[in-house]
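A, B, C, D and E are the chain letters, set down in written order, and residue numbers restart from 1 in every chain.
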Amino acid sequence: MSVLDLDHVFFLLIVNIGIAVLWGNRPFVGKILTLLYILEGLSILTSYHVLLSGAVLSSSLTFTVMQQTVQWQLGVSGGFFALITFMAAGLATWFSSGVWARSYAPIRLLHSYMALNVAAMLLLLASNDFLGLFIAWELVSLVSFLIIAINGGRSAKAAYSYILYAFLGAMAILLALIIIWNATNSFSYVEVRHHWSTMSVNRQLIVVLLLITGFGIKMAILPFHRWQAPAYAYVPAPVAAFLGAISSRMGLFALFIVLLQVVGIDVIQTLWLPFEIINMQTFLLWLAALTLIIPTFIALRQTDARLLLAWHGIGQGGFMLLGILSANALGTAGGIMHVFNHASYQAALFFAVFSVSYRTGTADLDRLGGLVTRMPISFTVMLVGIIGLAGLPPMNGFVSKWLIYKALLDEGMPLLFLAAVIGTLGTILSVYKLIHNTFLGQLRLEHENIKEVPWSMSIPMMILASIVFITGYFPGLLLESIAAMQSTLGISVVDYHLGGVNTGKGNLNMIVVVSTMLMAIGMGALIFFVLGNPRKQVTQWDNYAGGHFLTSDMRYQYSHNFYPGLMRVISPLYRNTIFWLESAIVSTVQFMAHISYALFMQANYLLYLILLVVISLLWVLAV
Amino acid sequence: MSGQHIFLELILMPLLAFMIGLFLVLMMRKVRARIERRVGPPFLQPLWDIIKLYVKKMQISHGVIHDLGIIMLLGGYITAEVFLPVPGMSGFTSQGDIITLIYLMMVPSLGLALGVGQCANPNGSIGISRALTAMLAYDIPFIVVIAGACLYYGTTDLTEIIALQKSQQWGLLSMPILALAGLIAIHAMLGKEPFEIYVAPAEIATGPMVEMSGKYLGSLFVMQCLQIYTITVLYTSLFLGGGYTWFDFIPKLFLVALLPVMITVIFPRYKTDDVLRWLWKWPTGLALLGLAIVVLQG
Amino acid sequence: MQDSLILLVVLPLLLAFLLPVIARYLGNLSGLTGSLLLLFNILLLANAWNSVGYSPKVILLGGFAAPLGIVFYIDKLNMLFAILTTIIALLLWPCRTHNTDVREYVLWLLLLAGCYGVILSGDLFNIYVFYELLAVASYGLVTLPATGASYIAGFRYLMISALGSAFALLGIALIYSFTGSVNIAHLAQIIPDHLHHIWGYSAALLLIIGFGVKAELFPVNFWVAEVYSHADKRVTALLAGVVSKIAVLIILRFIILLFPWQDIFNFLLLLGIIGVIVGEFAAFYAQDLLRLLAFSSIAQSGLVIIAFACATEAGIMAGIALAIHHLLLKPALFLLASHCDRSINDLAGLAKSSPWASALFVILALSLLGVPPLPGFWAKLLLLQSLMAEQYLLLLVLVLLATIVEAAYLFRLFMLFYQRQEMPEQKRITIQGQELYPVITLSGILLLGLFFLPLFMDSLREIAMQTSNIEAYINTVLGKVQHIGEGNI
Amino acid sequence: MMIWDDIFLEVDFWINIVSIALIVIGIYGIVFSQHLLRMVFGLGLLEAGVNILLVKAGYQKEAIAPIVTQASDTMMSNILAATAQMVDPVPQAMVLTAIVIAAGVQALALSLVIRIYKKYGTLDSHVLFLAMERDRHLSLNQKD
Amino acid sequence: MQRWTTILFLTGLSIVLFAIITPLVLGQSPMLVGKLINASAVNDTGAANLVTAVVLAYRGLDTLGELAILFTAATAIGIILGTTDKTQTTSSPTAGFIVATAAKVLFPLLLVFALYIILHGHLTPGGGFQGGAVLAAAFFLLTLADSGNNIKHKVTQVIEALAGTAFIVLGLVSFALQGVFLQPWLDKGELGSLFSAGSLPLLYLALGLKVGAELANLLSSLANVEK
C-alpha cells in the first residue's frame, strides 16, 4: 500500500466517532470499532518504515493565525505513541464489544467518548508546534474529563477534581507559552530552540518549571498525583485499561518532545534552581524517583485491586520520567520503552482485575481468593502482567528497567539507582499481594461455580499477555523505533540488536536470557516430574491446620493487612501531607469566594464608591 | 564458541553448581555441629536427604500452580548459574550482567511465593509475606553494595570486574567497608540464623514450607544448595577477585560461606519488624558509607 | 455618503417620539417598526463601512467647524461597535405579547439612540448627554418587570449611576474651566501636555469613575448583580452585552486621546484586576444562575478594561477582540439562563429535560472560559500576549488564576446539568424552541467567526492601528487648522 | 481698579465655598442617609453644586451677558466689539442641559420612591435591601 | 462614634474638593472656543441671544439629546406610575377658594408670559426650556386649584409627540437642503427683530411646547398617583 498520509487516519477517526455516536448501542458496533482501530494502527504501521527513516506523515490540517502557521504532522515519536494508543483502544473496545457490552448500560457513551479520546490524542501526537500542542492538549484534557466522569457518582467527583488539576496545568502551559512568545514571538519548535538562549536565565527556569507542572499534572508527578488514582479506578473496564495504558502518557510525550527536542537536555543540566542547591535535572530526577516510590508504597496499602493498579500507574510514570531525563542513550531508550511495556501489562492487569470483578462482582481484595482453579486464563494473564509490572526477566518490563538502571549506574547516580530499586521491590511486594489475594489461597463458598470470562473478553487479555512476553523476548522490535526517535530528537542513539543492547560495560541479550530460562525451567520440570513418584491432587481443605479439621464454612484465608511487619515499620511515614495541602487550598478559595460575594451584597454600597473617589483623589494629590 | 560446547556448558554449570552447593551445605552443617560440640552429619548427608524426599511414595500437590512454582524455583537458579563467571567456563556471562543476575535471583522467590500461595494455607501465606518483607529488607543494602562496586569498577559485567580485580587489587582491599556490608547482606540472603524467620525449622508450621512435603521439600533443598552457590560465587567475583583456577575458587567459596555460619550459630531469631529495622539500619548505613567513599574517591 | 450616519441617531428618536401617538393605528405593527428601523440602520452602516475605507471621516453637526460645533467621528472601531449594537438589538428586540406596553418600545428606541450617539460622538459633553440618555432609558427598562425587587434594584442603580454622572459632570466642568473647549480632538491637543498635573489627573479620575459605572469598573459595579438578576432577561442581555462594552469604549477613547499618562493606566489596571478577581470569586459563591452570570460579566469587563489599560496597539486589539467576543456571547448565555432562573442545585438533570439548550450553554461557557478551538481562546491569547509585552507578569498570573476559578464553577455547573439521577417531574425545566432562535444565531455567528479567524484577526489589527493613531484623529477632526487660539492655560 | 480685584477674589472664594458645601452635603445625603427620599434630595443638591462650578467656568472678568442689546445699529464692527466683552456662552448652554437632565433623573427617582413606598410601606434602605433579597430568594425557590 | 467618622469623612472630602477647585480663579478661565463663538455667532445664526445660538445652532444635538432624555424620563415615569386610567386616583383635597380664583385669574397671564419667553428665546434671555417650565406651571396651577379637571393626558401626549417630531423634522429639512443635520436655515432677518435668526425660533417653539406638555404630564402623574 502506498504511503498513507495523516489525512487517511484522521478520516478513519472521524468515521470512528460517527459510528460510535450514531449506533453506539447496537450489538455488533463494538466489533466494527475494534476493526477500525486496528485498521488505523495498521495504516500507521504500513508507513512506519517512512517514519523510521526520519520522514514525516504530513496532513492537510493547517491554518495560519497571527502570522503563525499551525501544522499537524506525525513524526516517528508521534507514530510510536500513536501505535500504543491504537493498540490500547482497539483491545479495550474488543474487550467491551462482546458479552460485557450487555452488562454496561451507557455503552454508546463509552464508545463515543473512547473514539473522541483517541482522536484528541492523535491530534496531540501529531502537533508540531506549541500552539497546536496547546490546542490539542486542552482537547485531550476535556475529552478525558468526559470519559472519567462516565460512571457518575464517585467517578464524577474524581473527574471534577481532575478537570481542576487539568486547568491548573493548562494555565501553567499557557503562561509558559506566552513567556516563550514574548522572547521569540513564534511558536514553532525550531524557532523557540533557536532563540531559547535569548531569554534571561531565571526566565528560562520559570518556563521550564511551568512546562513541567503543566505536563506533569497529566502524568501525575508527585505534588499533583492525588487526582489520578480514583479517576482511573472507578471507571468501567475498557476505559480503565485505556486510561491506565496511555492517557497519562500523553503528558510524558509532551514533556519528552518539549524538554528534549525544544529545550534540550544540556540546557536543563545547566539550569540551577535558586540558591544554587541543585540543578534542574537532578531536581527532576529526584522528583521522578519520589513519584516512583511514594505511590508504589501507597499502592501497597490499598485493598481495592483497581486502586492498587491505578497507584502503580502513577509510580511507573515516575519511572519513565526517571529514564527520559537521565540524559543517557540507554536511559531515554529505557524510558520510552517503559511507556510501551507499561501500556501492555497495565492494560492486561486491568482487564484481568475487571474480568474477576465481572464474574465475582467485586474487586475488593479482602473478599476474593482461590479463583485460580476457576479462572485459569485470567490467572495466567495476571501472572504475566505482574511479572511484567515487577520487571522480572522473561517479560518486557525487565528490559526497560534494566536499561534505566544501567543508565543510572553509568551516569554515576547510585542513590537514584537505589531509589529506583526500592520502587521496584515495593512493586514486587504489592503485586504479589494482588495475585495472592485474588487468585491464590482459599476459594470462597460463593465463588464455587464461577466460570472463566467469555472469549470476547479473554482473547484481548491473552493478546496483551503475549505482546508482553514477545517484546520481552525480542526487545529489538521496540528499540528500532526508539533509536529512530532518538535520532530525530537529536539526542544520543542507543546501539541495539534484536535481543537487546550491548554497551561496552555490561550488555543484555534477552534472547539468550529468556531461552536459557525456558531451557532451565524445562530441566527443572524434567527433574521434578520424572524423578519421584506421581503426584496426588488434594482439595483445599486437606491442609495442615494444627490438628483442626477444615470445613467449608470457616474462612481459612489470610489476605487482609498482607505485610504486617513492613507496615508497622513504615506506617509513620504515611502522613499524606499533600492531602492537607490540597484541602487547605480549597478552603481558602471558598473563604475568598464568600468574602467577595458578601462584598457585593451590601445595603449601603455607595460608601465604597465615595471611598474610592476620595482615596484616588488623595493619591492624585500626593502624586 | 561452537554450539555443542555451549550446550555442554549449559548442562555442566548447573550440575557443578549443585555439587558445590551440596558440599557448601555439608560444610555449614559440619561447622555448626562442631561449634555446638557435636559430630555433625556424615559426608553425603545433604544428598541423601534430597534423594529420600524424592523417593517418597506420597507426593501431595495442591494444584498446577504449586508444581509450576517449584519448577520456576529451580529454573530461576539454573538460569542464574549459567550467567555466573566460573573459571574455565564462560557460559553466557557476556550476555547478561550483574543487574540481570539480581533479577534472576528474584524469580525463584516469586516462584516459591506462587507455589505456596496455591497451597491455600494461610500459614504459608503468612510465611511468604515474611519472606518477601525479608527480601525487601536484605535487598536494599545488597543493592547499595552492588551500586558501589559497579561504580568503582565502572562496569556491570562480571567477567570484566574479575579481570579488573586481577590487574588491580581485590575488591575486598579497595572497598573494605562495602565488602563487610556485602557480607552481612549475603548473610541475610542465605536466610541464616538472625534473619531466618521464613525458613527456620521451628517456624515450619507458619513458614512457607508448611504444605511442602516429598519432592516439593526436596526441590527446596536443591534450591537452597543452588542459592548458596550463586550467592557465594557472586560475592567472590565482586570482592574476592573471582576464581582464576578451580583450586583457588573453591576455597574462596567455602571461606565466604564459612563466615556467616560462624555468626549464625550464636544468634537467636529476629522477628520480621526487627529484621527490617536492623537490616535497614546497620548494613545499609555501612554500605552507604562505603558508597560515599567510592563516590568521593571519584 | 457617510454624513447620512447621523440618521442612526435621529431616526430612532423620531420613531420614539411618534410611537405613543401612532401606536393605536399601527396596532401590533409597532414592534415591527422597531426592527424595520434596525434593518435600515444595518443597511446604512453597511454602505458606510466600505465607504469609510481607510481614512476616518467626520460629520459636522449644524455645519459648524470642529471646535465650535459638535462633531461625529466615524472610524472603523465606531462603525464596528455600531453594527454589533444593531445586530444584538435586532436579536433581542422584545417580541410583542398581549400586555407589552408600547412605551417599552419607546424606551428601547431611546436606549438605542443613546448607544449610537455615544459611539459616534466626538464631543465630550455630547458623549455625556447621550450617556445620560442611555442611563435614563436603562433605568426605565430595568423596572419593567414591575416587581417590588426590580423597583428597589432600579432605584439603587439609579442612585449609583446618577452619582457617577455627577462626578463625570464635575470632571467636564474641571476640564472646561482649564481648557475652555469640549471637543475631544481639540482637547487631545491641549490636555496631554498642558494638564499633566493633579487637576488633569483628578479630572481624568472623575471622568473614568463617572463613565465606569456602566463599564462595570470595580468599585462602581455593585449594581450589576442586583439589576441583572431582577431585570427582564432581554434588558439584562442588552445591558450586559452592549451597554457595558460601549461604556468601556468611551473609557478607551479617553485614555488614548485625553489622558495618555502611565499613572492613569496603572489606576485602571489595578481596578480592572480587582474587578476580575472579585468577580470570579463571587461567581464561584453565587447560588443562582443569573447572579453567577452577572458576576462573570463583571470579571469579563474587568478583562476588557485591563486590555485597554495597557494602551499599546496590541492591548487595544486584545481589548476589542475580548469586547466583541463577550458582546456576542453574554446575551446568549443570559437568554439561556433566564429560563432556568432557579437556585443552582435545582438545575440538576437539565440535560435530560432540554438537551439542546444545555449543550449550547456548555459550548458557550467553554468559549467564555477560553478553551482553545473556540473563539474565546484567541481573544484571551491576544490579551495575554499584550500583557506580556508590557511585562505585567503579576497581572498575567492573576488573570490565569481567575480563569481556573472560572473553570471551577463552570464545570460544577456542567456536572449538575449532566447528572444521572432524575429530577422530580414538576421541577423539570424545558426551554421552548422559539426562545432559542436569538441564542442559536449568536452562537452561530461566534462559531462561524472561527472559520474566518485569520481574516478577522487582520481586520482587528487594522482597526487597532487606526484607533491608536492620535494624530490621524486630530487632523481629521480639526482639519489642518493647528492649535486654534492657544488661550492662557 | 484695586477694589474691583479684591472684591472679585472675595466673590470667587464664596462661590467656591457654596459649591463645595452643596456637593459635600449632597454626597453626605446620598451616601450616609438611610431614607430613600433624603437620598433623592441629596442628589439634587449635588447636581446643583456641580452646575454652579460648570457655570463659573464660563465667567470672564468685567464681561457682560452674551446678549447683543444695541439691536438698533446693525454695524458689524461695534457688534464685534460688543461680543468681545461678552461672557463665554457655551457653559451656560451646557448648564441648561445639565439642569434639565438632573430634573428628569430626580423626577424618575421620585416616582420610583413612590412606587416602592406603595409596595413596601417603608423607605429605609437597609430594610428594603433585605426585602429585595428575600423576594429574590422566594422567586428562586417557589417557581414551579 | 459613627458621628465622628462622618464628620471626619466630610471634612476630608471638602478639603480634597477645595484643593481641586481653588486654582480655577473666577474669570481667568481661557475662553478658547467661547471667543470664536462670540465672534461668529451673530452672523452665523443671526440670533441676538448668543446662548440660544449655542443651544440651538452650535450644540443643537445636545439639545435634541436633552429633549430625548426628558421624554425618556416622562415615559419611564408613565410606565412606573402607570396612571393610564384616572378612576382610582386619590382625590387630593380641593384647594381653598382663594387658590381656585387666583388660579383662574393667573392661568391666562402665565400662558402669555410662557409664550413670550419661548418666542423671544433668540432675543432675550430664556427660551424653550424656561418657557416650557412656565407653561407646565400654568397647567399644573389648574390641577392644584381643583384636582377634578385633570389634564387630559391624550391631548398632552399628542402635543408632546408633534412638538418633538417638529423639532426633528426641522433638523431633517436642513439635512435634506444643505446635507447637514440641524443647520439653521431660513434667512436670518435683521438682528433684534422678532422674525430673525432663521429656524431658531421655530426650534425653540417646538422645544417649548414639548417641554411644557411633558412637564405638565409628569407633574400631574406625580400628583395624583393611583391608590
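The criterion applied here is as follows: a residue touches a chain if its C-beta (ideal position, glycine included) is under 8 Å from a C-beta of that chain, and two chains touch if they have at least 3 such contacts.
Computed from a predicted structure; not experimentally measured.
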Chains in simultaneous contact with subunit A and subunit E: C, D
Any chain that touches subunit B and subunit A: none
Fewest hops from subunit B to subunit C - one hop per pair of touching chains: 2
Identity of the chain that, by mean CA position, is farthest from subunit D: B
Distance-maximising chain from subunit C - centres being C-alpha averages: B
Top chain pair, ranked by number of contacting C-beta pairs: A-B
CA centroid of subunit D to CA centroid of subunit E, Å: 15
Interchain centroid distance [CA atoms averaged], subunit C/subunit D, Å: 27
Inter-chain centre distance, subunit A versus subunit D - centres from mean C-alpha coordinates, in Å: 70
Whole-Å separation of chain centres (CA-atom averages), subunit C against subunit E: 31
Multi-partner residues of subunit E (each touching 2 or more other chains): 13, 19-20, 24, 28-29, 31, 33-35, 37, 58-59, 62, 65-66, 69, 72-73, 76, 80
Multi-chain contact residues (two or more partners), subunit C: 125, 129, 132, 136, 139-140, 143, 151, 156, 159, 163, 174, 176-177, 180, 182, 198, 202
All chain pairs that touch each other: A-B, A-C, A-D, A-E, C-D, C-E, D-E
Touching residues on subunit E, where the partner in the complex is subunit A: 9, 12-13, 16, 19-20
Residues of subunit D defined as touching subunit E within the complex: 8-9, 11-12, 15-16, 19-21, 23-24, 27-28, 32, 53, 56-61, 63, 65-69, 71-72, 74, 76, 79-80, 83-84, 86-90, 92-94, 96-97, 100-101, 103-105, 107-108, 110-112, 114-115, 118
In the complex with subunit D, residue positions of subunit A that touch it: 601, 603-604, 606-607, 609-610
Complex contacts: residues of subunit A adjacent to subunit C: 63-66, 134-135, 138-139, 142, 145, 149, 152-153, 156, 159-160, 163-164, 167-168, 171, 174-175, 178-179, 181-182, 589-590, 592-597, 599-602, 605-606, 608-609, 611-613, 616-617, 620-621, 623
Touching residues (chain side subunit A, partner subunit E) in the complex: 610, 614, 617-618, 621
